[in-house]
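Two complexes, one shared chain (subunit A), two partners (subunit B, subunit C).
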Partner chain A sequence: MKSIAIAFKNLQRKKIRSFLTVGGVGVAVAVLVSLMGFDEGYQRGLRSDIDKMGFQVLITAKGCPYEAATLMLKGGGGLRYMDQEVYSKIINDPRVAAITPQLVHTVYDPDKNNGQGGLALYMGIHRSFLDLKPWIKFKSGNWFSQDDAEEVIMGYEAAEFEQRSIGDKIFIPGIEKILTVAGIFERTGTQDDGLIFLPLVTAQNIFGLPDQLTGIGIKLKEISQIAGFEEDLYDEPGIQVISMAEVRGTIFNLISSAKVMTNSIAIIAIFVAVIGVVNTILMSVFERTKEIGVMKAIGASRFDIFRIIWIETTLICVWGGIMGNLFAIIAARLVEHMLRGILPYAPSGHLVVITGGLLLSSFMGAIIMGLVAGIYPALRASSMRPIEAIRRGE
Partner chain B sequence: MSTPVIKANNLTKIYKLFAEEIYAVNNIDLEIRCGEFVSLMGPSGSGKTTLLDLMGCLDSVSCGRLEVLGNEVSCARENDLVKYRRGIISFIFQEFLLIPSLTALENVELSLHFSRMTKERKHSLEIMERVGLGHRINHLPKQLSGGERQRVAIARALAVSPQLLLADEPTGNLDTKSAQEIFSIFKKLNEEDGLTIIVATHNPKLGLQASRTIFLQDGKIISKEKSSLFLEMI
Partner chain C sequence: MAVNSFKSVITVFISLGILLITYSASAAVGCTLNDPERDLRRIFPESTGYKTSFHTIEGAGREGLKKKVESLLNDRLDPVYEAEDVPYAYYDVLKGKEVIGRVHGINQKGAYGGIQIILATDLEGNIVDFYYQRISSPQARYFRDESFTQQFIGLGLEDLYRQDMLEKIKQPTPGETEDFFNTLRGIKKNLILLDAFYFDGMQNSRIGKVEKGERP
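Entry: the complex of A and B
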């Protein structure tokens, strides 16, 4: 007869009550695991999104950095224009490892979204685009035949969606131009997949924006040179330098207020769960006053009683921990879906990433929670005097 | 001469109820020797339960001196009293007080567990056989009759091989037949194993089967002559 067996049988006595308490702990743990999993997933997703842009610095026309940051991650560069002259100035900077100019343009397409209409994104790019994104492969076709060819290269999803293949003709609504599909990129898992690319010069011509750019992506030879590089460009009129590290910070700021909210919810859930556990165990201690008295009368020491009650509390929290973890794993995709709906910017990939380490630490957390919650009820039980417990514990 | 199992001098227990002081046990001198079978009798409220609780180290002494097996316990603290409850003194209650979530056998094992004794299972089975419940070991208390429950309680008390068995109205909740069975077990334990037993009872027919009867009234032991008067009353 072990203390753990006694504790187990006690919990079995009031099955519904024990189950509800376990459920309370489970919900709290699930909320916590989901939130921490989200934190992890979001950081990972954002980092990989930003890494996959291929540049550490982006130069855009002056404007709201928040807007620029979101637009840029969605595939644009902030739709403000700057002179191409800036590009020729920086291209020879010795700190630059790779540099590519971009011109993003949106066109209203009445056929988009199943005939409801919507904006189609076009991006004028230069051959150096591939220097910054060496991982991009052609699924079929090739690069533009000439720098001003009337051709397009389609992102994987854009091509898939419109069922295009090499040689097809593309009509850009409102521009009255017909372009030929020269190539289709492989899937990259980034926003590039949904874009249609044109040669930079062609884009400048057909959209009527000669010598204009929306952004310049730059990869530096040494990431540590970023501060000096930014400073040198500070006096250049009409442009701003955005470092990707800053963008990441900016986006984190955007969601941090939401995180404060959700974290407080998690803390409240845990607090409520702990109170629930303490309440349940205290109630069952009082109900068993007489039994505890009898146990003492047949030789149980304070510590024997303390241990039984402590184990009971911890068992509840261990089950709650297991249940919460399972629940969080099962609900991860659902939570992800809900979060995508409310977040200002959601990176690609899984938004909620539940790692083994997270599961382990939340499980340990649940055990610690049980140990803490059990102290008071266990002390109450162990300090009962046997005779009072037996004679007056009705 | 061997040390008495129980030796009380001016033993007193006072309950304070608001301003009133109740002398539940009042200045009792008492000696119980090894191997005695003593019954405690007296009207309701005379202090039988209180005296048993004191001797069983379940309650604290107010004044006077109490020795168990030659050891002074009147000043001992709760933590020191535990060791007397482990394998020296066993208690049997009127309401049986088994742990409802545990089976008959587990109830017996539990006292061995708390008393830090080994071979819990084997020993418990033997004891259950001895009280004639070998066929009821896996029953929960609620699945047993009152007499059977009390026999489980006796098994639980005996499992730790105590030197003193205290029973507070052990037959109070039982019919005449079961009550006599329980008393027969006591007698057998006393005669065959030499176990010292003190039992409080209202039933003179049972109480007088003991080798000695102590009469209590208002917390005091009363003399033989008075007690025979008392016996005639009931």
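Entry: the complex of A and C
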């Protein structure tokens, strides 16, 4: 207890130096926590986005499967179309628990992208859409009155942005079409919130794509049947079968290389912080050479000196750990905002998720860092000979 | 010396904290300019900078403001899309240290989608520029046309209550009336809010006249 009090007083002697060293450790811990939190948040968000698509298997026209899956997640142009006949073939497969056809189409909207112009995405859906996404509820209104009704259902954010209520009109630029709002979905926290949905038949008619689809979402009765199901459809011309688990795995593999880079940054930050701590404590030891000599001369053992210096180093890292954790929590939303601006695709939900476990492990890591960083200065201090130290310190 | 330096370090950290809080607080905004730098320079070529502030209808000292705004607008504010907590962005345009004008936008429900009406006003609150940042309509190009928007230049809030003045404003297309009236409502709402946030209590404030029982 006495050693802790002495160590604490020693650190208080040079407040600014101690504070800056604590700050250095704090920044390193904050970087580490933010990066780990981002890794956790991105994985969770992506998993949630893919799960909230509602299907395990996606059938699309032949092309790049990951591009197709990303388009379904994120939206965009350059979609490929397949014949609706494929849907009729699969719908009666006994392994299928739920199936929904979709037609995604983009039109040029001059007001998109902050007035720069861009593609606005519309999705033609069938009633079975709700079978695959049972969590979607109506905030107001209802499903389309007919399969070919000139109506739309709007995602929560799309309705908010366009200030639409049930019965209002909505204008689709590019094709100069006016449709009526039949329903507005409640917020789902997914890309669906920003979309405008049309009846599949209406979408095929107004976009001039009769009997065409961009995707078929499928949920199987047994997840173990995916491999066999994919195999059976392998020879079907013009289509490809994408397992969402594969998509998830591939995206995770792609981001793992970025993860190596971010982890390297965190390790460098910690390394720099450790050097800073060692330097600060060593300087402090050299400045107190005479004092250490006197302490030894009046009976302090090598272990007593070692313990005081070691505690000083650990205290710095403990405070740095606390400061870094607090800073990471406070700055999480700002970091998230910045990352969203940089990343080409950011999943919905929080991008930086800081869990209790992460905070605890980073705090424990800071303590270990302190214990390791303190060994050398503590050994230097404890190995000083009293007479020599007093003489050198004069 | 050491104590002063320590205080400075603490001040820097607290300032950073406040900056982070205000940064996240300003994230949700009703209608902001797409590209303030470019948009403000286009409207006020002589400007050297700008200062942004956010105002809401709710808040301390603004009790009853919603009713006053509705009374002046002669219409109810939409409880969902024109809620009291919607933050309105105001850009004070600077020339050196001097404020030379103000730019502000509002969201207005249109016939076929959301309309974003941006007004630039002089220091008296008279319109010096008006454009649609967004309008979703089959007739959008007629509404955006300068022959329509230029008719509002020079008008102030008082003018929008003068029948003779309104009758002079020609609709952009003969058949389209809904978005014309939506535009008038949006411009009026924009000027009423400017009056409420910047001129309330001044001699010519219309909000002040309502408080005194003088209907516009």
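Side notes on the structure shown:
We adopt the following convention: the second predicted complex is superposed on the first by the 372 of 394 C-alpha atoms of A that agree within 3 Å, B and C clash if a C-alpha of one lies under 4 Å from a C-alpha of the other, contacts with A are read in each partner's own complex, and residues count from 1 in each chain.
By definition in this document, a residue touches a chain if its C-beta (ideal position, glycine included) is under 8 Å from a C-beta of that chain, and two chains touch if they have at least 3 such contacts.
Quantities reported herein were computed from a predicted structural model and do not represent experimental measurements.
Partners subunit B and subunit C fit side by side in the overlay (superposition on subunit A).
Shared-chain residue A:176: touches subunit C; no touch with subunit B.
In the superposed model, A:386 lies in contact with subunit B only, and not with subunit C. Contact with subunit C, but none with subunit B, is seen for A:19 once the two complexes are overlaid on the shared chain. By the document's definition of touching, of the two partners only subunit C reaches A:162; subunit B does not. Judged by the touch definition given at the top, the superposed model places A:299 against subunit B, while subunit C stays out of reach. Of the two partner chains, subunit B is the only one that A:6 touches; subunit C does not reach it.
Taken over all C-alpha pairs, subunit B and subunit C come no nearer than 16 Å in the superposed arrangement. Note: no residue of subunit A belongs to the subunit B contact set and to the subunit C contact set alike, using the contact criterion stated above.
Residue ranges on subunit B touching subunit A, taken from their complex, read 49, 53, 56, 58-59, 78-79, 82, 85-87, 90-91, 93, 97-102, 106, 109-115, 120, 156-157, 160.
Residue ranges on subunit A touching subunit C, taken from their complex, read 15-16, 19-20, 110-111, 114-115, 160-165, 169-171, 173, 176, 178, 330-331, 333-334, 337.
Of all residues in subunit C, only 2, 5-6, 9, 17, 20, 23-24, 27, 34-35, 78, 80-81, 107-114, 133-138, 140 touch subunit A in the complex they form. Interface residues of subunit A facing subunit B in the complex, by the touch rule stated above, are 1-2, 6, 9-10, 12-13, 290-291, 294-302, 304, 385-387, 390-391.
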